[in-house]
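Got a structure here, written out as structure tokens. Questions coming.
In order of appearance the chains are A, B, C and D, and numbering begins at 1 in each one.
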Amino acid sequence: MIQNLVPKFTVADLDALMRATFPQAFHDGGPFEITEVFPSGAVLQLNPQESHLRYGGTVSGPTMFALADVAGYLAILAHVEGAAGTVTANMNINFLRKPDFASLYARSHLLRLGRLTAVTETSIYALSDDTLVAHATATYSIPPIKK
Amino acid sequence: MIQNLVPKFTVADLDALMRATFPQAFHDGGPFEITEVFPSGAVLQLNPQESHLRYGGTVSGPTMFALADVAGYLAILAHVEGAAGTVTANMNINFLRKPDFASLYARSHLLRLGRLTAVTETSIYALSDDTLVAHATATYSIPPIKK
Amino acid sequence: MIQNLVPKFTVADLDALMRATFPQAFHDGGPFEITEVFPSGAVLQLNPQESHLRYGGTVSGPTMFALADVAGYLAILAHVEGAAGTVTANMNINFLRKPDFASLYARSHLLRLGRLTAVTETSIYALSDDTLVAHATATYSIPPIKK
Amino acid sequence: MIQNLVPKFTVADLDALMRATFPQAFHDGGPFEITEVFPSGAVLQLNPQESHLRYGGTVSGPTMFALADVAGYLAILAHVEGAAGTVTANMNINFLRKPDFASLYARSHLLRLGRLTAVTETSIYALSDDTLVAHATATYSIPPIKK
């Protein structure tokens, strides 16, 4: 992890940004909830809805992918101004244990923050007992700052 | 690619199985359509719906993940009997170009088919002009055959 | 990480095993040195030799790959009896910062330990100042125990 | 694959560059031999030496990593002027079948060639019978062109 990187934005700042930019996913009663910003990282909670169910009574893989993807995006946005245009270039995800169909949270932190790219590491846990259910690393492209 | 692996199931077989198992995603007018089964592989088309839209007028990353994930699953199911319980263990996906918000197709083939695991490689293309927009490799766990 | 997994073998046990199995890499004055076994993990140090040099005065990528690969292997061997036949099935590695041509160490721990597969996460640091220089996740196939 | 990308350099050009830059690996009687440049890609052959042997009579994982890594690097160098400073940012490699301890070749092509990054896909085959033994995708950082 990159030590001592002080966040520039709060949970409330990021929440307002996400509600404005991704209103389908971020709204009252929606599936995603930003619960923490910490030095070099952020935590995103998923309260799964019926569309996130997979056969077998578990949270689907694409849903966990989305959770890791957005958590990493938020870890970047919390530390970089004007980075809303950041896009995912690569993600590698390991599905470790089949979660129950219940709330999960993704804790993501920056492994590297460059001027044009960032690398994040994200662990997804069951909210009920903190069991690790998936793990991901991702690379994002950060758009050049317009001056 | 594994050469000369003869499919055991047809597009119609797989379509019937998917409609029974994943009715939210596979139904008339649904987003997914199995369009081809070929030696060692399968092709899955996505006709994106509003929930697959990402800010910027493109197909979202989780949607492309889902497309690659299901296409690899189908490449396995087309060649293995009784493998519906197959689950994704790992996926590595590269997003190469931002697609338009329009139909995509994923062409997936088996790199390795073992008794308990399979490795697939999947390319995602824009249907309109065959531009490569994403590329993925994945490992799946195949459940042991009950005897 | 998998909590509370008690190692079954010590640094000395693993060192003896590696000297017997991989004598080119593990010998007095050799590049690799097992420095720690801890619950769910192990630490492997690299003291680079001239063959590990890359143009630009840094440790080569394949050397860091080897370091992560062997560290994950040792994390498994420390916790599983009779697993010397374990082989790497997949590795995903991110090179984060160019290290100096000097000693590195890899801290690897188990994200998942199944009967036939294990997933490890490994961080590679510069020994001089603990800077994170690379990060890897890997999947290993563990051979079935002969009875 | 990126269609119709015409190489700017030949096998002889790349060979001369590699002998000058990486003389340990590229020299008469050395392990690596560039055998082909084709539109959007290149082929690199490995003639394994004793240091590439792994317990079990096979080519070691780090050696196959190195082969894929250098092959992707050459695929880029064949198509971009002044890119010798290109470095690997990420590699994901799947080991599919245990090769014999004999010559292998890596066929690498560009999935994406941007101004500052490139993504390659590489298949490693046994030279004797063209069996696919490993598969990798990688991201490289290309240094900005000095003007």
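Odds and ends about this structure:
By definition in this document, contacts are C-beta pairs under 8 Å (C-beta built on N, C-alpha and C of every residue); 3 or more make two chains touch, one makes a residue touch a chain.
Nothing here was measured: the structure is a model prediction, and the numbers come from that model.
With centres defined by CA atoms alone, the chain at the far end from subunit D is A.
By number of C-beta pairs in contact, A-B leads over the other of A-B and B-C. Work out the mean CA point of subunit A and of subunit B, and you get 24 Å between them. Rounded to whole angstrom units, the spacing between the C-alpha centres of subunit B and subunit C is 34. Residue positions 89-90, 92, 94, 139 of subunit D each touch two or more of the other chains.
Chain contact summary for the complex, subunit B toward subunit D: residues 1-2, 92, 94, 96-97, 111-112, 119, 121, 132, 135, 137, 139. On subunit A, the positions that touch subunit D within their shared complex are 89-90, 92, 116-117, 139.
Across the complex, subunit B meets subunit A through its residues 21-22, 24, 51, 55, 60-63, 65-66, 69, 87-95, 98.
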